[in-house]
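Next, two complexes with chain A in common: one pairs it with chain B, the other with chain C.
And now, the complex of A and B:
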């Protein structure tokens, strides 16, 4: 548990450094340390599936972010200290802390009362789906709709990224082909 | 000469097949060991990205371009949807209609391995396409490949 708290503090420090760092590359790297610490935290909590996913996605995200930041010319950020924004952020953070203290005071101990639904999954998962990995039987069988929604989100986001980022659309290519054949463009 | 040094290229040439194999193992054994379609697909995508970083954009794009990545992405997504829809033959959506078989065997758990494979194909192609979209679109290399007549500036 002590290691877990140390990891949490490390993650908070890493995120603060990521916000405050002047160099874009060093802030990306400190975001990466936060992600790796999060994957170790998942391992300590007994969730190897999530830990594998977290560490692998973190590596890919770091590669993409570094590839994106190095290719930019302005990697150094100019600082503008806005006192009003700072004060309002602090005020809202205080309000959030007060509310969360009231709300989280009566929370049960971490993972202590195992809920009825999850108990049912644990007891009948192997028998109902035949999958040895209980996580997969929940993700792909009992909660298949969630996974389908997740896949749809990925699908839609990559479609959107292709549409927005591809500089030359299909239409211009068609116009060029028409011009080559000899048909006027405004057909 | 595009890409990194010859040391990196040699190491990548040896290592890439093992990375892809490990990703495929994670996908196929998803219903038995920790892992599954998503992490395995991300590992395979990491292998593609490694090739692209080591050998340069042109080599990677010529062998596996953005259009084929988009096609594989669509195939994986619709394959997963098709597996879900095939459950309607037995009564309801997402029914595990194949025989469950012996637990702890590779071929078991009905449709779960098939869904894992579909998700793995989808995620690997999708993340590779994200990398192409963020790192290459709008650059000179991509424009030169789109218009073969013009030379790269």
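And now, the complex of A and C:
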């Protein structure tokens, strides 16, 4: 329990640094520390599969984020700070936290899960699917359609990223639009 | 209880970053932090005190395993959620790169043609 509190405080401090850092690159690296602390937390919570996945995903996410920021303009934006928006956002988040505290009273106590559905998975997972790892038997067998939908979402998002980033076929249309509407090229 | 509350605070950090920051990449980072917080909350709900990982080893007592293991269902769902988070992150960063190519800035208030 104390260990999780320490890890979570570390993650919160890392996220504060990530939010408030002036340089975008240091902010991205702070997010990386939060992600790796998260994978340690998963390992301590009895979820080794998720810890491994989190490490792999974290490394790839860092590569993607650094690709997005490294050669571009990564100075801080502080020309116009909107103090009213900031203060009102903080007030509303305080209210949100108060309501979530009330809602948390109805949740199962930490360390005592409900286990209504998963009891059956744990009892019969080995006979039904032949998998020693119960998590994998759920992902690939009991909830296989869910995984299929996940693969579809993944494919769609990567396709979207490719369409957004592709170079061919974009230039010509853009120039034609510009000529017709008359938007200046450089803003 | 305090663990849940700290997770909520982490979530609110990400939400604040998403709402109050002007930089587009900072907004993406806020969404990533919210993603982490939600995944961690789901795993925390399924944790059993002193529980073992839901993997059957050789020579393990089946009945004892059922009462000792942590909840495998949120783990299976979070496993898919993490990977989806990566795909969405790739899409968001691609949009950021395109916005930078077009407007030469990450500042939301400078990107004029997005205004309503």
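Following the convention adopted for this analysis, the second predicted complex is superposed on the first by the 158 of 187 C-alpha atoms of A that agree within 3 Å, B and C clash if a C-alpha of one lies under 4 Å from a C-alpha of the other, contacts with A are read in each partner's own complex, and residues count from 1 in each chain.
To be clear about the criterion, a residue touches a chain if its C-beta (ideal position, glycine included) is under 8 Å from a C-beta of that chain, and two chains touch if they have at least 3 such contacts.
Source: prediction; values computed, not measured.
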Would you check which partner chain A:102 touches, where first means chain B only, second means chain C only, and both and neither mean what they say?
neither
With the two structures laid over each other on chain A, which partner does A:130 touch: chain B (first), chain C (second), both, or neither?
first
First (chain B), second (chain C), both or neither: which does A:2 touch?
neither
Just checking: does A:19 make contact with chain B only, chain C only, both, or neither of them? Give me first, second, both or neither.
second
Now for A:181: first (chain B), second (chain C), both, or neither, which partner does it touch?
neither
Mind working out whether A:161 is in touch with chain B, chain C, both or neither, as first, second, both or neither?
both
Mind working out whether A:63 is in touch with chain B, chain C, both or neither, as first, second, both or neither?
first
More chain A residues touched by chain B or by chain C?
C
Applying the document's definition of touch, where does A:145 land relative to chain B and chain C: first, second, both, or neither?
first
List the residues of chain A that touch chain B in one complex and chain C in the other.
48-49, 53, 57, 60, 64, 67-68, 126, 132-133, 135, 139, 147, 154, 158, 161-162, 165
List of chain B residues in touch with chain A within their complex
26, 30-36, 38-39, 42-43, 45-46, 49, 53, 66, 70, 73-74, 77, 80-81, 84, 93-94, 96, 100-104, 108-112, 115-116, 119, 122-123, 126-127, 129-131, 133-135, 137-138, 143, 146
Would you pull the chain C residues touching chain A in the complex into a rising list?
1-10, 12-17, 19-23, 25-26, 28-30, 32-33, 36, 39-40, 43-49, 51-57, 62, 65-66, 69-73, 75-80, 82-91, 93-98, 100, 103-107, 109-110, 112-113
Note: in the complex, chain A contacts chain C through residues 1, 4-5, 8-9, 11-12, 15-16, 18-19, 24, 27-28, 31, 34-35, 38, 41-42, 45-50, 53-54, 57, 60-61, 64-65, 67-69, 72-73, 76-77, 79-80, 82, 85-86, 89-90, 93, 96-97, 100-101, 104, 107-115, 117-119, 121-123, 125-126, 132-135, 138-139, 143, 146-147, 150, 153-154, 157-158, 160-162, 164-165, 183, 186-187
Chain A residues touching chain B in their complex are 48-49, 52-53, 56-57, 59-60, 63-64, 67-68, 71, 126, 128-133, 135-137, 139-141, 144-145, 147-148, 151-152, 154-155, 158, 161-162, 165-168, 173
